[in-house]
Every structure is written in structure tokens, then in C-alpha cells.
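Per-chain residue numbering starts at 1, and chain names A, B and C are given in the order in which the chains are listed.
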Amino acid sequence: MNLRLLKKALLRLGFWCLIGVLLLYAVFPFYYAIVTSLKPSSALFEVSYWIANPDFSNYAAVLSQASFLRAIGNSLVVALCVVTLALFLSLTAAYALGRVKFRGRGTVLMMVLGVSMFPQVAVLSGLFEVIRALGLYNTSWALILSYTIFTLPFTVWVLTTFMGQLPHELEEAAIMDGASPWVTLTRVLLPLLWPALVTTGLLAFIAAWNEFLFALTFTLTDTQRTVPVAIALISGGSPHELPWGLLMAASVVVTVPLVILVLIFQRRIVSGLTAGALKG
Amino acid sequence: MSVSTTHAPGEELLLTRETPVQRRRVRAAWLFLTPMLLCLALVAAWPLLRTFWFSLTDANLADTGGGTFIGLSNYLFHNGSSWSGILVDPQWWNAVRNTLHFTVVSVGLEVVLGLLVALLLNIKFTGRSLVRALILIPWAIPTIVSAKIWSWMLNDQFGIINHLMLSVGLIDAPLAWTADADLSMWAVIIVDVWKTVPFVTLLMLAALQMLPSDCYEAARVDGIHPLKVFWRVTLPLLMPALLVAAIFRILDSLRVFDVIYVLTSNSSSTMSMSVYARQHLVEFQDVGYGSAASTLLFLVVAVIAMLYLYLGRRQLEVRS
Amino acid sequence: MIKLKLDNVNKQLGGARILRDVSLEIAAGEFVVFVGPSGCGKSTLLRLIAGLDSICGGDLLIDGRRVNDLEPRERGVGMVFQSYALYPHMSVYDNISFGLKLAKTEKTSLRERVLKTAQILQLDKLLQRKPKELSGGQRQRVAMGRAMAREPDILLFDEPLSNLDASLRVQMRNEIARLHDRLGSTMIYVTHDQVEAMTLADKIVVLNGGRVEQVGSPRELYERPASRFVAGFLGSPRMNFLPVRLQTPGETSLVNTLVWGITALPFDSTNLAAGTHLSLGIRPEHLSLKAAEGTAGVVVTAVEYLGSETYVHLDTRLEEPLICRCEVSAGWKAGDRVELLPDIDNLHLFAADGTALKRHPHAIETLPDGVLLSPARASAL
């Protein structure tokens, strides 16, 4: 009897140890970035695990850099525009794909799925030409346009899944009431899709906020850069002397909003990710 | 479009027509799809075709349209005495090897770790939803940022990883994680695995929660060992979801760019196909050559994606 | 006046024929119920009338106008769905007024109409509530209100009560009947519940396998079913069917009934050959029982006590046991031997293809006394 109790206790202990290791593994690097960012440059090169005397000089330095603030602004504008554009385009498309039976529906869905698998670099040169032809090189519009290549397939796919789950009779009731497809979409289905829109919008926002390759290639000057590029290009006096404190402060500044969003909307994000991946 | 005939055995032909409502809905469906299709044509289909075309020219970045057609010379060319072109470029084959190495190791680790973490988090305990939220943090951090954080942690002189390993006695001299040719690929893999395990875990958790619970109760009643249950019941049932997750990750890994670019920049020991293609496109301004590399990468990804779609369809057929 | 006319309407989906040559006339103000087993095409027929499904062949006329190619809103029909399908994000008021708004109804008359509808359905106090704050019966009424608000000439109901519990179903059934009396509009109602059909309908349409089996008032259908299917479908417990053989065809048929021997029945069988297998239908309430002596008669196998009446199951050694509806006071027990006395005026005779033989109008024959057979003698025949 006692032996069984002991075994049980040991199992519990082992379990909680595993959870502890998991949490340490997941959270520690970000925590360590915060620790580093709160150190004055003099203390930077002594390894420490705790925040002893928080020093905000790195944050002050980062936030006083006009180009960094500008990059945050650019990232916000780009991400918000991409989300709006992708949601609008995919909402109507998801209605067509999720609620109407028509010939060619399967083909369109396959195409959308296919685009989502594109390696970005495969369209880089072609897209570069299009952007230059439209006169958008080195503007936020170049990024807004090009980001739809990875946000749009995803939002279409997820919203189609959510759209397909709404009851059939609801739409028939709207038809009996004399609603056109547009009215059905905007006044009957859309209000029911808000949770799904928030989820997909959030995921699209994160994807756009984090994008690097296009941002690096299609913008040239400091005033047009987005946050990931700005951070990647922070450099010190020599390649071997990166200003780590500053870098970590910048990293924390651009990541904290995302982390907070993720913690708040955790459940929604999970449903969105799994809807996109498993139900296809 | 609106009239088609159907024929049932032993019955006269009947016209199957659509109601006005259905006709209007189909018209609206195409109208609703148009903006999205136009957008995808502009940012995906057309650029892709142009990339294919560029790969057959000697275009450069300053004037992409000004290249002349040179056939397959970017891929392979014999000038009388020797071969040239991507297919004989040792750098390219090095990039291919690196990419495959990276893909196999990191996807393998991610799937195994993701499954283990999912099994752990599938156990009910107090605070589970908080733990689930917290493990999402690495996924939310931008790749660039996580690459920077890790390159600080892996720093050869002041990095905490070296500090830890030294103090435990695992090593007796600091390792140059990102600079050492033997270690830099491992550094890249460590960062990628850290960042993407949450995604795989989420998919696995969702799949685990869809498993029928009566199987398990039956197994428990029969007194079958939990490990056996895992191998015989859980794993086979999880296989479809595992495959989906693996293929998603494989497609992502094959086009890896950000982590490598930031962590080890243009070091040849970690250069991936995407990095190689972009280097030729943007830094060397050789659009023709770079496009040829992009096209090859696209073909590799397309073959795997096709395999996935084929397998997915087969699976649907089996299920129905 | 003919409100709605179906002329040889056909519906095919994939390779399957859902409706075959359905022709039907529905008068203005009539309450028509489509009834039949699941898969008989009754819901499809309703959806064709609504305009939600397409007609593959034949014509649909409303007020003499062909409406095959008109949209639902142009047909002047309103529909109540099985699951109600209320707009979850809209208040009761908005649910009811949505169609009116889309029809660009002028504001004051819109409000007037919504309030009138709400008043008829006793929804006045609930107008600001959301559907999720309503009970099942209230949701049902909102669904009706939404269908009624645009004052359609024809109201369609697709199994509207099947989501309610039994007591509420009876109450809503009465409300729908009252609503019909009050509005006087044409109503078409689909159900698989024969009690709903019998109690609500002016006219019942029995569908089977995509065909119309019979159209008529509840009483006509019950008392003079045109086919074995209709006879068996309406009535609970269902009609008893006994296999019989035609002895002598004629305006009055001589039939070998096995249980009662050779009997003259008032049905016209002039077109049939002697020896044809027929089916004799007797409803449980049209059989009476008398205690039999010795080994005569048949054995009571089971007695179901329902409070107001009892169902007595009898073993006739034929295809299936007979059921007889008796008064409780008769006190039959399992194991009793009884003689069966059929009510000769309420017998039905069906040909092998299921169609009912025509009843001879001046039939005066009655069952001769003493034709009762013991099962032993019946089996010897």
C-alpha cells in the first residue's frame, strides 16, 4: 500500500519536473532577452540569471532612435493594411467557396492551397519586376501587396472552414426573406463570423509583422523598413561588437505586444491554426 | 452552363436545371472570387511565370526585362571545354545538401518533440491552459528576433549556453556556435526547433483530443500496458495528423531563409537554397541565374506538395 | 379558386428520382399537409414550391402564373424551417422585419406590420430579445412571424414542430390551427406525424416514393384509402391486413378469407380473375371479439393496456398477428380463445399491386351467421 503511494508520488513529482523543464525551455530565452535588455552595457558581459538592478538605458536608447520608431510605425501600417485587405478579399471568397456549390470550386481551393506552399523566393524576381513596374519599390505598398501571397491563401482557407460550419437553413431563411448573396454575406453571415475574423486577422497580423525576406528585398531606406529588417540591421562598431543590450531591448519592444496578444487570444489562435491545418 | 442532362437507367432523359436562386448564387460566387483571384494572379501566378522566364535569360536586376533568351544555359552549359551552370555549381549542391540536412533533422526533432509535449499536455492538471498559452510564446516571437536572442545566448564569449556548459563541465573551452562550420548548422536547427515545436504541439493536441475515448477505456479495462496502447492505438490514429504536420513543416523548412540569414549570414556551411537564390538575385544582381535557382527550389517544393495532395486525396478516398 | 397548381412536376438529383409526375391543386385558404415516410419527397416538394430547389420537369403555377423561374421572394411565399433558422445576432423585432426591410418597405408601415404580426403571435413583449433568450415555443412563433411578416399568400412549414417536446407540440399545433383560421392564408405543411396531419389538414397529400398516393380530406383518407399504403400509413395501431383469395369475381366479390371462410364482400372485382391473391384490410377498431367455446376461435397472445382502451393481439397463424382495439371493460387476457367479428361496412380490399378495390355502392350483403372458422379449418383450405 505504502509502496503504491510512493510510486504515485514519484510519478507526480516526475510529471511536474517535466512540466517545469518544458516551461523553462519555452520561456527562458525570452526571459533572458528581458534580463539582458535591463542591464547597463558595463554589466552585459557577466552572465546573470536574475534581474538585479533594472536599468532602462537600453530602452531609452532604442525608443529615442527615430528610425526604429519609424520602423514600428511602418510595421503597424503594413500589418494592419495586409490584415484588412486579406480579410476583405478572403471573406467574399470564403463565402463562394464555403457556401456555394459550383463547378470549379475544387480547382480554386487546390490553387489557393498550392499558393500557400510557394517558396517565397520563387516569386522574388517576378514580384520585384511587378513592384517596380507599379512604381511601388521602397514603399509600404510594395510590402502590403506582396504579403498577400502568404496571408491570403491562409485566410481564405481558414475562413472557408468556418463559413462551412454555419447552418445551412440560416442562409435559406435569408433567401426566403429576399436577401441577395451580398446581403446574406454582410448582414446574416458576417455578424456570426466575428470570432473567426478576429482569429484569422490575428494570425495574418502576426505573419505580416514577422515577415523578413520581402521586407529586406523590397525596401531600401531606413524610412521604409519594417521592424524585423531594422532589428536584423542593427549593428555596432564592428561585426563582432553588436550592441546586445540595445538589440535585446528592441527585440523585447517588438515582441511584448505579440506575446500579450497570444496569451489573451490563445484559445482563438489554436482554433484558427488547427482549422487551417487539420480540416483541409 | 445552367443546363445539363442526366440519365437514370430505365428512365427518360430529364433536364436538370438550376433555380434562379442557384444561378444567381453561382454568378455571385464567381464575382466574389474575382478580387481574390486577381490578387493572387498579380502576386503569385504572374511573378512565378516571370521567374520561370528569367531563368531562361541573362537578365540582371537593374533591367529585368532587358535580358536575352539563352535557353537552359543558366542551368547547364557546355562551352566546348568545360561545363558551367547551376547544376555543376558545387555551391548549389552544397546549398541543397544543407537544406536537406536542415529539413530532415529539424522536422524529425520537431515532430518527435511536438508529439511528446502534446502527450504531456494532454494529461489533465491544474494550470494546463496557462502552460499551453506559455508554450506558444516561442511561436509568437518573430523569427528574426528569436534568431537574435539565440545568437546572443549562443555567443562564443559571453553566451549563457557556453557559460552553463562550462560550469557543468560538459566542455572545457567555449564553443563558437555560429561561426564554427561543424556547429553552425546545429545552432540553426536549435533555433528552428525551439520556434516551431509549439505549432506541431498544437496540431498534435488538437488531434489527440479528437481521438475516441472509448478505445482507451476498453484498453484500460482489458489491462493493456499504456506503452502498448500508445504504439498500437494512439500512434496509428495520430498518423494522419502527424503526416499533415510533418509536411507543413517540410515545406516550410525547404524554403528556410530568415533564421540562417540572421544567425550565420552567408556562411557556406549553412547556406540554404533560398539563401543561395537570393544571394545571386539581389547581391550579385544576376536575375537569370538566381531565377534558375528559385525555379529549381520551386520544383522540389512542388513535387513534395503534389505528393501531399495525392496522399491527402488517397486518404479521403480510404475514409469514405 | 386555385391558388397553387403543380403539373407533372419531376425532380431528379444525381441519378435518383425524388419526385415523379406530381400533380396537385391547392385552393386559396386551404390547409394542406404533405405526409409520408422519410425519404418520400415531401420536403423536396415543399422546397420546390418555395423556390429553394429547382424543378426538373413540369410546371408550378401560383395564381395561374408559371413561377418555375421566379425567385422565392417573387413567388409570394414564406417559409418556417424545421430548425427555425432565426438570425442569432438579431432581436425578435429585427428577425421579423428583416424581409420587410429588404423589400424596402416604408418605415411606419414596416413598424405597423411587425407590431401586428407580433401581436397575433403574442410576441409583443419579446420584441427586443435575442433568439437565445427565448424558449422553444417562442422561437417557433418568431420563425412563424418572420415568415408571415411580408404577408405572403402562401405559408410553408417544414416539420416545424419536430424540435419541440410532446406537450409543447400539442399546444403549438393548436396555435397553428388558430393562426390559419385567423389569417385565412394558404398553408402547406410537411410532417411525418400522422396526428399533426389529421388534426391540422383540410387536405392531406400522402406521398410515397416520390409519387402522390392519395389526396383528400383526413376523413376520406382514413375511411376510404385508395391504396394499401395509405391505409397502412394512417391510423394507429395500423390497419390489419389479411391475405385472402378471390373465389368468384363480380360486382360483389366472393372471397375466401381463411378466417371467416368464403364470404361475400361489397367490392367490385369484375376485372380480376378467380384465384387472385388479395389483401383484406380491417382497422383494429372495426373488429370485435366474442368468447369462443372449446378449441374454436383464435388465441389472445398479448393485451396492451392503455388506460382508455386496450389493444388485444391475436394469433391467427397468418402472416402477422391481428390487433383489435377493445374497451377496457371487456377484460381479455392472454390465452383466452375468442371469435373475431368484423364490421362489414368498414372493410377494405386491396389488389396485389396495392390499389383499393372499388366499394360497391349498394352493397347489402352481410356476413352470414356461422361462417366463423377455426384456425385448423382455415389452414386446411
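To be clear about the criterion, a contact is a pair of C-beta atoms (placed from the backbone, for glycine too) under 8 Å apart; a residue touches a chain by one contact, two chains touch by 3 or more.
The shown structure was predicted, so the numbers you read here are calculated from the model rather than taken from an experiment.
Shared contact partners of chain A and chain C, listed by label: B.
The interface with the greater number of C-beta contacts, when A-B is set against B-C, is A-B. Between the CA-based centres of chain B and chain C the separation comes to 60 Å, rounded to the whole angstrom. Here the spacing of chain A and chain B, counted between their Cα centres, is 16 Å. Contacts with at least two other chains are made by residues 51-52, 71-72 of chain C. Residue numbers of chain B whose C-beta contacts span two or more other chains: 21, 24. Under the contact definition stated at the top, the residues of chain A that touch 2 or more other chains are 175. Against chain C, in their complex, chain B makes its touches with residues 6-9, 11, 14-22, 24. By the touch criterion stated above, chain A contacts chain C in their complex at residues 167, 169-170, 172-179, 183, 187-188, 191-192. Of all the residues in chain C, the ones that touch chain A in their complex are 50-52, 71-73, 77-79, 81-83, 85-89, 98-99, 102-103, 146-147, 150.
By the touch rule above, chain B contacts chain A in their complex via residues 21, 24-26, 28-30, 32-33, 35-37, 39-40, 42-44, 46-51, 54, 61, 64-65, 117, 120, 123, 125, 129, 131-146, 148-150, 152-153, 155, 157-158, 160, 163, 194, 198-199, 202-203, 205-207, 241, 244-245, 248, 251, 254-255, 257-258, 261-262, 273-274, 277-278, 281-282, 287, 290-291, 294-295, 297-298, 301-302, 305, 309, 312. Of all residues in chain A, those touching chain B in their complex are 15, 18-19, 22-23, 25-27, 29-30, 32-33, 36, 44-45, 47, 88-90, 92-93, 95-97, 100, 102, 105, 108, 110-115, 117-130, 132, 145-146, 148-149, 152-153, 156, 175, 180-182, 185, 206, 209-210, 212-213, 216-217, 227-229, 231-232, 244, 247-248, 251, 254-255, 258-259, 261-263, 266-267, 269-270, 273-274, 277-278, 280.
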